[in-house]
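Here come two complexes built around chain A, the first alongside chain B, the second alongside chain C.
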Partner chain A sequence: MNRFGELLLALFSWCCTLLLTATVGILMVFLLRRGLPAFNMALFFGDTPPLDALLLIKPVFDGLFPALFGTLALVLVAVCCAVPVGLATGIYLAEYAAVAPKRVLNLLFDLLAGIPSIVVGLAGFALAVVLHRTFSGGIGPCLLLSALALAFLVLPYLIRATQNALEAVDPVTRRTALALGASKVQNIFYVLLPNRLADLTGGVILAVGRCAEDTAVIMLTGVVAFAGVPNSLLRKYEAVPFYIYTISSQYTDFQELQRGFAAALVLLFLCAALFLLAFFIQRHLKERLFYR
Partner chain B sequence: MSIFSRIVERLFFLAAAGSALLTVAVFLLLLYLALPLFEQGGFWALIRSPWDPGAGFYGIYPMLVGSLSIAFLALLIGFPLSLGGAFFITCFAPLFLRRHLLNLVRLLTGVPTVVYSFAALFLLVPFLRENLTGGSGLNILGAALMLAVLIAPTMIIFFVDALRRVPSGFLQAVTALGGSPAQGLVYIALPLAWPGILNGLLLGLGRAMGDTMISLMIAGNAVALPESMTDSARTLTAHIALVIAADVSSLEFQSIFACGILLYLFTALLVLMVRLLGKFPKRSPG
Partner chain C sequence: MTSTMSETKIRLADFSFRYGKSEVLHHITAQFPENRLTAIIGPSGSGKSTLLSVFNRFWAEIPEAKVEGLAQLCLAGTWQNLCDRRAPSQQLRRKVGMVFQSPNPLPMSIFRNVAFPLKLAGVRDREEIAVRVENSLRRTLLWKEVKERLATDARSLSGGQQQRLCIARSLILEPEMLLLDEPTSALDREAGAGIEELLIGLKKECTLVLVSHYLEQVERLADRVFEMSAGKLRLLGGDRS
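And then the complex of A and B:
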């Protein structure tokens, strides 16, 4: 490759990066300019006094609070379900699986990673339909169903993150503890996993973000435009992404549209905050526990 | 071996087997609910015929075309951009910028789809309407542009990951021999990182094909067969979301399970294609 080719490649890279950053930047600035003015207590709590709403004394009718609550519950349940299974499966793939089963599992998990979220939602909905047919009055679309579907959606991300992380441990590190007499399980928990903690975090971060933002899955599995704060896992609920979508399709006046912009900002901040939180907690933990 | 170890290892296995079975179970579940279609021999007819409930046609051919054109257009725009971005982060960016840029890209993967679509609906769509395409501004081009922005961070992360996993000794050898970073990238890192890049491409196309919110909100959802980039179109995913509220036993309703099966099969096809490509002999470095 000659000098000119190199220059061209560098120029291409610069342009791509600038173009992408500028596009995202413009969209974000637009959101901020439209959404920030609508940012106030009324956005979250409507006419209800904030303290009463937070303590669940009075319901909130015209605010984001129930949707926020629903989204948080959803993410929590989904991630708690998905992380243990994802980690265990990743570990099995990287450390235990023999060649032939591993090939089959790899294929299946690639497949799982590609399944569109709406199909996962459809499967959740189908499950509810089938359950309803078999046991009449069984579990309908609800918070739990959504959370399980979401857990299923993010499972492949967690599996791949774990597997890739473990397989990237260099051979010397991998064998040291074993040579000193550690068992395979000890080696995994005390050497391999801590060694790749940064990569594992990447996987969990992706999972958290996807759970909070996904609209397609919850649309089919129980989210509704108005439900109040969910008091049970088996009830319908509100969620922020769906709130935004509802407003975009059926806003009636400028005020409502403003609320949509503000809600979009809230979701954006929420996702960013979740990301940063996971990021810093994990980095902090890693330094405190393992590199002292 | 201690009992604890044995239990833990058994749990690892159960988790893997369970996850794998779930993948298959989803397909079987969709198949089960689409069964009435197969019994009437209507599945293939459904895929080939147009959507015209008034005349009794519930075909999903227009949605199939809509999905494919939007996804591939998005990939056409997004892939070069992402590759350039990944090159920039691994090779051309000033050193102090690289880590921050990668973190920024990670953060961008978390930007909610619905936020992108919401912003685009009130910024990009009016722009297209007034300057480029006319009409309502809700069309394939707008959806593909937004999808490209949506899938770029995911692809960049995979590309950078693949490029970074190339042993640094190889690249140091290039430097020692007087090669430039760009040469190391093109002749050493790229050939070695090829499988990882394909993996990222697979995920990108999968996300583009499977995304619901952007096509639902920006592509216009017209049920006619789209004829150009500036036409409004409905994707398979948007179709599922729009029809779900209908009566459970109607033919209209069963068509969404056909959509689901199609999307699932398309994904499977993609995965198999990438697997086959990965079997090609890789160029060894040097």
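And then the complex of A and C:
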């Protein structure tokens, strides 16, 4: 490629990066301008005193608190279900699977990653119907079912993140522990996985983000507009993305729309907080595992 | 089976090694003496490192690798079959240390690097670990240089220091044998001389097998020299010890 071509490519790459950054910036400014005026205690707790709401003494009828609680619980349960399975499958694919089954499974997980979330939601709904019939109405759409459906949805990301992380370990590091007398399992858990913590955290962050924002799956598996703070995994619940969806499709006045924008900001901050938490856990773990 | 030749550490008889369909080592018969430094010289690609990988059964990690003939290693008076792919190799590798061509510190602190084999072996006593790490670093003349910064990343050390760290890590489990795959080739002359001095001291305590390209180095260090050429091993001169 000649000098002019190289310059053109560099300029194009730079413009694309700028465009993307500017778009995110504009979106943030737009959300802040529309949402910040509605950002107050009433947004979260309505007429209920905040302390009573936080201690679950009084229910919140007109605030975001139950939805925030529901989203946090949903993300926590879904990620806790998905991470061990995703890690184990990723380890199997990277370290144990023979060539032929690995090819088939890779194709299968790529297909799984491409399944639209509404289809996963429908599968969850079908399961809810079966469970409802089997247990005579005892179990139906609920937080647990939503979390399991979301866990299924994010599994391919976790599997791929783990597999890629392990396969990216350089051959020298890979053989060092084995030469020192490590078993294969010791090598995986003492050297390979800890060395790729940043990549694994990347996979978990992606999963958290997807669980927190997905609406299609939860709409069919347990979320409702008004349910209060869920006191059981087998109860229906509220969630922030569904709150935003409901307001954006049914708002009756400007104030209500403004609350929708504020809720979108809350969802963004919640995701950012969860990402930061994952990042700090990763740094703390790395420090603890390798340097203390 | 108890050893009948206490002075022999490794014996090979009609030993061959294949990667898939290509034979890399051809019908080798040789003996490696105990508590001596045996050197293997030869051109690149002649099979020197492959032969080393037999001595700690590392070849078994490669699915396409196949061995034939007899290869035995005497550990604590018992002959171990090196040709058995399915035999558990962890204990064997803890007694047969390996130092690679390029220093390979793990991405962790100096202390954790040296203590790592103890962790693998299930040693949990912190005091014991600290004492053994210090002893190991003293043996490789590294203690004075790193004692103030044991918690820093081992990869921040110089090349020579990293290689001595890797030797210290291999020595912490007090191996009976140390395999050295061109341990000075990635180092400058001064660092290489430091490693050579270390090896001279070590050969009183354990059996050393050194793969090297440098004839002068082999002359300075080795008690017995083999030449590897196109997968065939030939003894050059007798025991000089």
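Here, the second predicted complex is superposed on the first by the 282 of 292 C-alpha atoms of A that agree within 3 Å, B and C clash if a C-alpha of one lies under 4 Å from a C-alpha of the other, contacts with A are read in each partner's own complex, and residues count from 1 in each chain.
The rule we apply is simple: a contact is a pair of C-beta atoms (placed from the backbone, for glycine too) under 8 Å apart; a residue touches a chain by one contact, two chains touch by 3 or more.
Note that this is a predicted model, so its numbers are computed, not measured.
Trainee: Chain B or chain C: which reaches more residues on chain A?
Mentor: Between chain B and chain C, the winner on chain A residue contacts is B.
Trainee: May I ask you to decide whether A:Asn195 touches chain B, chain C, both, or neither, giving the answer as first, second, both or neither?
Mentor: second
Trainee: Check the residue A:Ala53 against both partner chains and state whether it touches chain B (first), chain C (second), both, or neither.
Mentor: neither
Trainee: Is A:Ser183 contacted by the first partner chain B, the second partner chain C, both or neither?
Mentor: In the superposed model, A:Ser183 contacts both chain B and chain C.
Trainee: Just to be sure I read the superposition right, which of the two partners does A:Arg175 touch: chain B = first, chain C = second, or both, or neither?
Mentor: Touch status of A:Arg175: second partner only.
Trainee: Quick check on the output: what are the common chain A residues between the chain B footprint and the chain C footprint?
Mentor: 183, 186
Trainee: Using the touch definition up top, name the residues of chain A that touch chain B in the complex.
Mentor: It is residues 1, 5-6, 9-10, 12-17, 19-20, 23-24, 26-28, 30-31, 34, 84-86, 88-89, 91-93, 95-97, 104-105, 107-123, 125-127, 129-130, 152, 155, 159, 164, 168, 183-186, 202, 205-206, 209-210, 212-216, 219-220, 241, 244-245, 248-249, 260-261, 264, 267-268, 271-272, 274-276, 279 of chain A that touch chain B.
Trainee: Which part of chain A faces chain C closely enough to touch in the complex?
Mentor: Against chain C, the touching part of chain A is residues 172-173, 175-183, 186, 190-191, 195, 289-292.
Trainee: Touching residues of chain B toward chain A in the complex: what are they?
Mentor: 1-2, 4-5, 8-9, 11-16, 18-20, 22-24, 26, 29-30, 32-33, 80-85, 87-89, 91-93, 101, 103, 106-123, 149, 152, 161, 165, 180, 182-183, 185-187, 202-203, 206, 209-213, 216-217, 237, 240-241, 244, 248, 256-257, 260, 263-264, 267-268, 270-271, 274-275
Trainee: Which residues of chain C touch chain A once you look at their complex with the stated criterion?
Mentor: 56, 58, 61, 89-94, 97-98, 100, 102, 104, 106-109, 112, 116-117, 119-121, 151-153, 169-170, 173
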